[in-house]
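The first chain written gets the first letter, and so on, giving A, B, C and D; residue counts start at 1 in each chain.
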Amino acid sequence: LIRVGIFGVGYVGCTLLVGLARLKAGMIDHTGIPLGECVAGYRTKDIEPVLLVDVDAAKIGARVGDFVSMYPELDAESLNDLPMVEAGVELGSLEGMPIMHAGLDQKLTLEECAQRIKNMIKDRDLDVVVIITPTEEIRRIESIEKLEDAIRADRKDDITACQFYSYCALSVAHERGRGICVINGIPSEIANSTAFVKFAQRTNSVIIGDDISSGQSRLLSDLAEHFRQLNRRVLSVVGGNWGGNADFLRLEDSKRKQSKKTTKTGCLSDVLGYDPPSDIKPHAYIGPLGDKKAILIHWPYQAFNNTIDELWVVGRISDSPSAAGMLIDMIRLGKVALDRGLNGVVPEINSFYCKRFGKQKSKILAYRELMEWLAG
Amino acid sequence: LIRVGIFGVGYVGCTLLVGLARLKAGMIDHTGIPLGECVAGYRTKDIEPVLLVDVDAAKIGARVGDFVSMYPELDAESLNDLPMVEAGVELGSLEGMPIMHAGLDQKLTLEECAQRIKNMIKDRDLDVVVIITPTEEIRRIESIEKLEDAIRADRKDDITACQFYSYCALSVAHERGRGICVINGIPSEIANSTAFVKFAQRTNSVIIGDDISSGQSRLLSDLAEHFRQLNRRVLSVVGGNWGGNADFLRLEDSKRKQSKKTTKTGCLSDVLGYDPPSDIKPHAYIGPLGDKKAILIHWPYQAFNNTIDELWVVGRISDSPSAAGMLIDMIRLGKVALDRGLNGVVPEINSFYCKRFGKQKSKILAYRELMEWLAG
Amino acid sequence: LIRVGIFGVGYVGCTLLVGLARLKAGMIDHTGIPLGECVAGYRTKDIEPVLLVDVDAAKIGARVGDFVSMYPELDAESLNDLPMVEAGVELGSLEGMPIMHAGLDQKLTLEECAQRIKNMIKDRDLDVVVIITPTEEIRRIESIEKLEDAIRADRKDDITACQFYSYCALSVAHERGRGICVINGIPSEIANSTAFVKFAQRTNSVIIGDDISSGQSRLLSDLAEHFRQLNRRVLSVVGGNWGGNADFLRLEDSKRKQSKKTTKTGCLSDVLGYDPPSDIKPHAYIGPLGDKKAILIHWPYQAFNNTIDELWVVGRISDSPSAAGMLIDMIRLGKVALDRGLNGVVPEINSFYCKRFGKQKSKILAYRELMEWLAG
Amino acid sequence: LIRVGIFGVGYVGCTLLVGLARLKAGMIDHTGIPLGECVAGYRTKDIEPVLLVDVDAAKIGARVGDFVSMYPELDAESLNDLPMVEAGVELGSLEGMPIMHAGLDQKLTLEECAQRIKNMIKDRDLDVVVIITPTEEIRRIESIEKLEDAIRADRKDDITACQFYSYCALSVAHERGRGICVINGIPSEIANSTAFVKFAQRTNSVIIGDDISSGQSRLLSDLAEHFRQLNRRVLSVVGGNWGGNADFLRLEDSKRKQSKKTTKTGCLSDVLGYDPPSDIKPHAYIGPLGDKKAILIHWPYQAFNNTIDELWVVGRISDSPSAAGMLIDMIRLGKVALDRGLNGVVPEINSFYCKRFGKQKSKILAYRELMEWLAG
């Protein structure tokens, strides 16, 4: 069994929980889980969610089955035996959202919050922590020591929810003398933070992240590789997407939009070797589109003999199931990495599953390296 | 220098000739040539077209500069020193086309034709033969001996132009005791013919083919790999294209359409591992579209938790420059293979550049193997 | 009440029946019915299906509720009080389809069949006959007398199911001395047949047809008007569609494909005033697409100062609900026309709802004339 | 002859001038000019540009032939006899643009500027004034008197270039006792300003505007009519466009973006009768796209029986030739309106050619009313 804690029980988290239950019940097959039923001995049914954390006042203290039907395509039918949702820290992550929150940080100091979160992780004896809280403003930390200073001084503006959970998880690993795997499913920098990676190394822990690459950015990356190999020159790129889930609602806030934007253009120029003029970002919240976002890619390029051609891609992509299917692999790969005694980051995992990790390569090529790592 | 003969001086052939001339004149850069200026020591300017063969009565005896402006985007400005176009064999390859032809086979027996073609190849001391004649009905041969029987008996219906040229080239290699590289740029089976491959092995020759993968089928293959790696299930595929060049005019003939169709669906199921219902083929000749064909890909798929999403790709792709850019690599790689003493087929070259070669893999993965082969 | 007989209880017919039942039950609103709830005093709930006819052996003698769930999106929940399906004539309309049929024409002469069908129409005292049988090969008749000769001589190859039903309906009108409205929802020529129109005039009857314009052809027509008014020149048109309902399965048969093709290109040149090179037709049967067909429109055009621009339209359009929504108007308008003492064809109705009727105009303009007719 | 002054000699202005010259030279035909060669007796060659005004320092004092080649597709070949470009007023219209301007308002008071502009209009005896200056922030005026107060007080922040030119033109009409036609080709409110319309009525002048409807917004309007007539419910609309001409560069400025946005959504809800969630606006400047902007329309809708379908439109649309072709009609129609003794606004002209004018109707329906007006 792999004991998992999920921080952020939103659309992705609920799809993950419902999907796992439906898999166990044989209601769905392994379509959409890249590595399928079995990864190095771990089957999908070996994933055991033992801790659920959120800050939405309506979810805290409730069972997932009580609120899951708020998300289209999801229902409580196959769910059972899930733990009650417990309160986490908000630290600004719901700013501007129409949600009443009841985070621990409303009433407690950061030190008290850290104690509570660490106890949850310790008590449930977690192997893997999955963070899929709302996209937050990207902030960087200089060192774990400075972060601990902020906690001690209760400077709530200096730390984000994602950083806080990651810190607590790694601290537990340190205290209990056994590593943990932290999976960061949002754009915040954890796997990309030298400070966090060093902390993970010191605690025999593994970080997988940052952000899950499951949709349009992944497609852009492979499209870029396709064109690079043909030495065709991409003249410009429009990569727009519009959706109606909470992620888009949050992205209306411009600072967050910036977070997403940075994630995507970087990947393209890493693969192409140059940076074509582009407009790649979530463009607007359009309620009726729901979780099935509408995407556009416009891709004019130069071929041999100065010929100008162009491609357009449009389509509908469901965000949450795409991400949830990836997480089912990431959880098991994180456990495999811990089993193998690895620490810090595992480039082969991050390159295939995540949007941001060092210099990007196309996902198709990253896959081959992942396969070699798994086999080796 | 690499001494090249081009059999079929149509749109692709002329784009290749004009492109090479413009490269020498510095009028264009190496965009659209996958490996760029230099491949294992051979530069693009080392390619020397010393033999041009066609069956169009209006081209035989003429200079390319006299007729090249019939193709949009091409002009004679940078051309010079190209040999005069000589007569080849038609053997049904222009059937149904509004072109008056003057193939050698109109007046001579197949044996006489073979002698003429072999003499051309021998006299110009060709290293590489490029066949880009019109798409023809696919016919298979049992053995080189049976093919020689047909030539001796002058059974013109039993052999296609592409087979005839390939046979002549490999025969010259045999006679002169030095291998040759045959590049088959059309769907006919040469690299896929056991008989031809054996003949190439016996004559220290190399075959590159079949058909050039430069456009929509290549994109389909990489898209398939992208989805296979995510374990998303492709539910059906529409892969339509419409164009106004001679290739589309010929494909109106249903037997030829079948040739193209076979080429493309095979590749998709090889990569995916299953065969989704599909309609992948050139659909119709639409004159005003010219060489810049209009393409459509419709790609509905199943993701995690039974979610159904879909992608659409549309665009304009110029056939001839795409193919010509690939040929500039293929010619040099063929020479490299001969230099290295190889014979028969070189899987690493065929897999990346050609549509049909054994079990298909995605082009992005084939690229990596090509790179390793080149380096090794 | 409007007493309606439905000949052909397939996907469209069943969607019509389920839709009417759901409207009565308040389960759906009037979205997709062009004129909404009320047309000249007739409400949607005034439509009473009193005769259902088909030739599928599995449907004859059954209730719609027994088989309706074979069509996605449809169920028997709201259905009640519908008459049992009775046997009609097949006359080749299921040729090549994987359906076992039990048409009256298997065992009876055409004269006997006619008597049976006429009795059904007479007994139920029908106001409106809706024909939505499978697309059939288009055949023309010279005169009603010749058609009657064929029936007397039992020449089953000389008459189609659609012609047979239309003839029977108009004969009943003649016999009972009260007109009837025949709605032809398939491409066969009834409203476009001088013989049938004259027969309708003689019998104080009204013909609405031919074929229902509810999807891509309608869009093409309005797009054409948009460009005509701007005097932009359409250079070529690709209008492809792919689907997985029975209509596409039938269209795999090439003769039937021709029927559909003729329907659509005519409309475009009527509006534009010229005939751009085009490929407009159903392209292939792709099972997983079901009733929600995939469409493509590629529309390059010339604007001022020799500029070449282009539009692409892709999308998913559900055939059956689109047609069923139109039929709900057509049935009521047919009754209104009879009430007003009209006979033959009513151009204002046909121009807006049908694909084929004389010289085509754009649907947006036809709408205005329909409104004036309704008001006047 | 129709004596025309053009205020703003940018891409649209130059396309208009080059196009008129090419028409006279027979180099192009009337494609893209909605009403073609002749409108109520006025031929395209009757349009005589006798005044050209701009504020770009590089254009003032130059001939159009000297700078026209800065715009792709345009050259000086067919140009001759055009007047030299004269200095106009900038009044903030180039704010944020990388253009050095030399507007009269740099050194003169508003009263002095007005005198200069009025003299130009008077001296050239203009029939028609065409304003196609850069998109500017929309500002409203209460009355012509308040505007005259601002001019007298030299409050340059209280008046825009478009307002200034319109005011000067109408003032000349007043002074000379003969009406003028003001065509406002940008989103500023002139035809939508009660104050300006009243001033036009007092001076026997005609205003055509505001903004030219030539591209995506026009298509949206007709698409909306298409769906409204079928009573299909549009669920949401994405209407994005990306381009590389100066208009997109200016729109990067957020206030101006707001101007364009307001223009477009209004039109859609006027036609549909409700306001679906939408994101309709120019999205970003992408240099390599040039004047041929890339557009996207995503259009999901509900059809009969709660069916959800969707359409996507993508394409490339050249802004400047589209607008220039419309202006050639508008100029002649303005003269026709003056000839007929009309004043104020002519709804039939504005509805068809302009984006903003009262309650919007679809362009296809507006066309019919325009035809009736012309005929009457």
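To be clear about the criterion, a contact is a pair of C-beta atoms (placed from the backbone, for glycine too) under 8 Å apart; a residue touches a chain by one contact, two chains touch by 3 or more.
Since the structure is predicted, the reported quantities are computational estimates derived from the model, not experimental observations.
Chemist: Measuring centre to centre, with centres taken as mean CA positions, what chain is farthest from subunit A?
Modeler: Greatest centre separation from subunit A goes to chain C.
Chemist: Across the interfaces B-C and C-D, which one involves more C-beta pairs in contact?
Modeler: Looking at B-C and C-D side by side, C-D shows more C-beta contacts.
Chemist: How far is the middle of subunit C from the middle of subunit D, if each middle is the mean of its Cα atoms, in Å?
Modeler: 45
Chemist: CA centre of subunit B versus CA centre of subunit C: separation in Å?
Modeler: About 47 Å, centre to centre.
Chemist: Which positions in subunit C touch two or more other chains at once?
Modeler: 310, 312, 314, 316
Chemist: Once you've mapped the touching chain pairs, tell me: line, ring, star, complete or other?
Modeler: Contact map by chain: ring.
Chemist: With touch defined as at the start, can you tell me which subunit B residues reach subunit A in the complex?
Modeler: Listed in rising order, the residues of subunit B that touch subunit A are 15, 18-19, 22, 28, 30-36, 73, 214, 218-219, 222, 225-226, 229-233, 292, 299, 302-307, 309-318, 321-322, 324-325, 328, 362-365, 367-368.
Chemist: Contact residues on subunit C for subunit B in the complex?
Modeler: Residues 235-236, 238, 240, 242, 276-279, 283-284, 286-289, 294, 296, 298, 300, 310, 312, 314, 316.
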